[in-house]
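Going in written order, the chains are labelled A, B, C and D, and every chain counts its residues from 1.
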Amino acid sequence: MRPNIYYSKRVGILGSGLTLFRSKMLETPQELAFIAARRALDEAGLELKDIDCVVIGSAPDAFDGVHMKGEYLAHGSGGIRKMVSRVYVGGATGVMVPISGWYHVASGLCEKVLVVAEEKMSGDLPHPQAIFRYIWDPITEKPLNPNLIWIFAMEMHRYMKKYGIKKEDIALVSVKNKRNAINNPYAQLPGQITVDDVMNSEVLVWPVQRLDISPTSDGAAAMVLASEDVTRRYTDTPVWIEGVGWTLDNTSWPGRDLFYPRYLENAAKMAYRMAGIERPNKEIDVVEPYDPFDYKELHHLEGLQIAGRGQAPFLLKEGFFDLDGDIPSSPSGGLLGVGNPIAAAGLMKTISIYWQLKGIAGKMQVKRPVKTGVAQAWGDLMQASTVIVMRN
Amino acid sequence: MSWDKGKETKSWKDIMEAEKYVYTLGEAGEKFLEGLKEGKIYGRKCRKCGRVYVPPRMYCEDCFEELDEYVTLRSPYIDSFTTIYYDDEGNKLDKPVSIAIIRFEGVKGGLLAYVEGEANQNKNVEIISYDIPLKVKVV
Amino acid sequence: MEIHEEKRLEHPLSKEELDKRPKIEYKPYAKYSYSAGQAITKFLEGLKEGKIYGRKCRKCGRVYVPPRMYCEDCFRPTDEWIEVKDEGIVMTAVASFISWTRERLESPEIVGVIRLFPSSDRDFVYPALFHRICCSYEEVKDMSIMGRKVKAIWKSKEKREGSINDIDCFKVI
Amino acid sequence: MHKVAIVAMGWYGFRPLTPEVSFREMVFEAATRAYAMADIDPRKDVDTFISCQEDFWEGISIADEFAPDPIGGSMRPTMTVSGDGIQGIVHGAMQILSGISKITVVESHSKPSDIEKIHKIVEFGMDPIYVRTVKSPNVHFLAGLDASKFMKKGYTREDFAEVVRKNKVNGLSSPRSSYASKLSLEDILSQDYVVYPLSKLDIAEYVDGSIVSVLASEEVARKLTDTPIWIDGMYFSSDSTLELSYLGEAEYLTISSREALKMAKVDSPTKLKGGFIDDRYSYKELEHVESIGLNAREMLREGELEKDGDFPVNPLGGHLAKGIPLEASGLSLTLDGFEYLLSGKESAIVASWRGIPTFTGGVLVMRR
């Protein structure tokens, strides 16, 4: 990506909406999408007829159990008889949706865009884990009957080995995020837990234990984005999308060292260049790195250039990423605390930064004043990252 | 790879199936099921635009508001139909079957139904089996 | 707080409540016959012979295992078939106590990534396989297995069928 | 507004079976051809990459994982639009117009020959509560419902057969037409109904294929080629669910063509020099021609839709001759339009549909 001076249209955020994140919901996926979308419109002070375009995000069709899930979700997402489409980068989808919403507006094609992300994982039997077997290479990997946790465990263990990181240090992420989630009214698994609780929880795939992981969830999230003019008309406290970046590494994940997410570095640099950020660890005030597993938050803080390689666990221990720390991380409670309806969880992270910058995060509001925030998601076979930079 | 092609290649068989999926229906869907059991077709009305939706759902697609009261629908008729002679695998069916989309007076939406009798557009029908899909008879 | 406290339209359910609700069930039919193409066909044939084939890009020197007919870094066709060693270094290893359907396993299944030779410690990309590793849970837990040199344990010749499972596992030598 | 052009396209396959290549190798072949035509190096010159695909067509959950490598997009901004290639082109154009990219690549491919029972996958795309539960013996019943309603507007089975004849003959002049053929009206009308009012010949078959297209900003396009094909107008949209959509009409193309023509500042589609319009069912070509604002019945019967007519529709054969390459369908029509314009014609409209069970389609207005 060459540096680009041509992007001139500013894109603002007008509203956000979430459903509760819960393990089982009565509502259909369309209805969950509707609930989140309606709340986002309400917060923005808009009606559906005001919306030009809709962008949908959802992770594998195999979860909700509908092929062409974007078509199915279009109805509940307010996409009927509008320009509506679905974007998809695996687990990184949640942040790709607002990125896509950004270029819908920045291109000049749309003025007001509704972005909606939804996931319903409770309907697939015997267990959502079984569905994850189908994300592996069908010939060279799937016959080994892998499950998703293997991916994380392999990456986590390589990361631990490379830098000599202890499991106890990583468990602190789970403790922090579940604690942060106590302040979040949408959260599925908030709570005061200890490092010992994590260390004593069921071993799933060593080094991954029960409390290292986010739960499977049903839920939806939505945001309203608009052009600069419209944003200024509707709000006196605008929040702007100032940088976007995304990168996919190759499919040959076994063939590269897993200790460092180089694709995230690429994506982050793309977004920072656009936002004019030169020293991320000094200029970013609050961050929502993707945390489906506790070590991932640390891994991602390093990929985001907020912590040096192998340094994130030490900064975490010092309280650097706490709500009252230098750069609070996952003030929402993250996926570990709020839940993980995959694409909706990524969009929830973006919304959390919007709340912080807008100053409406309530008890989640971080202690220090904030100007610049970053949300990030991660997906595919350890190869995709999406990054969004926002400012108030 | 253009110079390195043409050898006999393999293929690998596998599946991408869940054991099964279970879909909840939401409140409106459950009410619709209840109605079927009572031999009724429920629609659900939008307070704002006045339209009645069938199958009933949580929201109005245009007003994007939560729908309001349930109403019982009457006067079903065929909006469009088709007759199937061959199945998906290319086998001729012993007896062709007709499927129609049934609508109701003044209602937005419709329901799929298997049709007995000579199906045609705008013909009135009688519901003979309250199920998903419906079974109807041309009257 | 200022965030939505409006009427809740959504209904979270417990497992017991969900069991009582009416549901529509569906068993999908999604079966495939994946074309292996040139690269993976040769790879599978190699496994049957007890060999691991890779494909080399002469421009950047990278060897792809599993093989690719094109180099994704240089964006050009790869040039030649290379037989790599069935030996390498364990880059990472984990011990799984759950099956792919999330049932509890009595004894853990150990899997990981093996960087195959020829390659060096300094490489960030290398020929490699994701596979089972025959070692104890303790060796995984204390991380001692990582960095060890391992070799493929092949199924007996008559049992091989041109599959990644023709290798039973990789074992320390 | 700045302009976006298609500067190159490459393809591979368009055969019912392609056992010599994996889907990845097939995509690499198409990409190599597209980059050779544009004379660019994807590793240096391309800013963003888009792949259009759906998991259950691929047989891989999160098939997005396999998107970057064969198009030169690894370690670069690559993403998936889960939709038709036309939607991918619009996303690509938006990325260029937003200023984030100067050259964007849009890829789509299909390998239905890898799918054991494709109708079961189509069924899996239907609403799980109200449509899939019908357990129809044939998934094409959805098209049957639409077609029989469409006939009420005064179309006959002979009109449908005429479309089949025209497109199958037109396909004989394209190297991509595995299903081209020279048939008489009698041949076509003698076929049994599969699903009333459609026979086997009214329904396009599936095909393996991959297409890669290269989009560029105005400034870059002019540097890369003397014959950029400009995208003057573009839009896509969806109608509602099966129960709530208009049957016998293609509302998704009515909306899309209205917006795309407006963007292109074309007041009537008759001002354009031809159409590349989804014909995955014979009647759909006519329904779609109507929805872009033309009198399809009259034009068909007057011969205006013929190759040498006033407004040729699918002069290179369309889906009835080429087959349906799943999400590459929109790109297949676009590629026909692209070749048509490169051969010297002035302008064309491309109108694509995603097929049953969707009510989604997109339109491009292209000019030389």
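Simple rule for what comes next: a contact is a pair of C-beta atoms (placed from the backbone, for glycine too) under 8 Å apart; a residue touches a chain by one contact, two chains touch by 3 or more.
For reference, the UniProt names are A, D = Acetyl-CoA acetyltransferase; B, C = DNA-binding protein.
As the structure is a computational prediction, the values presented were derived from the model and not from experiment.
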Pair exhibiting more inter-chain C-beta contacts, C-D or A-D: A-D
Euclidean distance of C-alpha centroids - chain C (DNA-binding protein) vs chain D (Acetyl-CoA acetyltransferase), Å: 36
Whole-Å gap separating chain A (Acetyl-CoA acetyltransferase) and chain D (Acetyl-CoA acetyltransferase), where each centre is the average of the chain's CA atoms: 33
Interchain centroid distance [CA atoms averaged], chain A (Acetyl-CoA acetyltransferase)/chain C (DNA-binding protein), Å: 26
Chain B (DNA-binding protein) and chain C (DNA-binding protein): spacing of chain centres that average the CA atoms, whole Å: 42
Touching two or more other chains - residues of chain A (Acetyl-CoA acetyltransferase): 25-28, 31, 35, 62, 65, 75, 80, 126, 130-132, 134, 138-139, 143, 250, 252, 262
Touching two or more other chains - residue numbers and ranges from chain D (Acetyl-CoA acetyltransferase): 19-21, 25, 28, 55-56, 59-61, 68-69, 74, 114, 117, 120-121, 124, 128-129, 133, 240, 244
Junction residues of chain B (DNA-binding protein) - those touching two or more other chains: 1-2, 5, 7, 9, 11-12, 14, 16, 18-25, 27, 29, 58, 61, 66, 132
Pairwise touch network: line, ring, star, complete, or other: complete
Complex interface listing, chain B (DNA-binding protein) residues touching chain D (Acetyl-CoA acetyltransferase): 1-2, 5-7, 9, 11, 14, 16, 21, 23, 25, 29, 53-55, 61, 79-88, 93, 97, 99-101, 108-112, 114, 121, 132-133
Residues of chain A (Acetyl-CoA acetyltransferase) touching chain D (Acetyl-CoA acetyltransferase) in the complex: 1-2, 4, 6-9, 28, 59-62, 65-72, 74-75, 79-90, 96, 100, 102-104, 106-109, 131-132, 134-135, 138, 244-252, 262-263, 266-267, 270, 274, 379-381, 383-384
Chain C (DNA-binding protein) residues within the chain D (Acetyl-CoA acetyltransferase) interface of the complex: 24, 26, 28-40, 68-70, 72-75
Parts of chain D (Acetyl-CoA acetyltransferase) lying in touch with chain C (DNA-binding protein), wherever the complex brings them together: 18-26, 28, 31, 35, 41-43, 56, 59, 68-70, 72, 74, 111, 113-117, 120-121, 124, 128-129, 132-133
Residues of chain A (Acetyl-CoA acetyltransferase) touching chain B (DNA-binding protein) in the complex: 25-28, 30-31, 34-35, 37-38, 41, 47-49, 62, 65, 75-76, 78, 80, 123-126, 130-131, 134, 138-139, 142-143
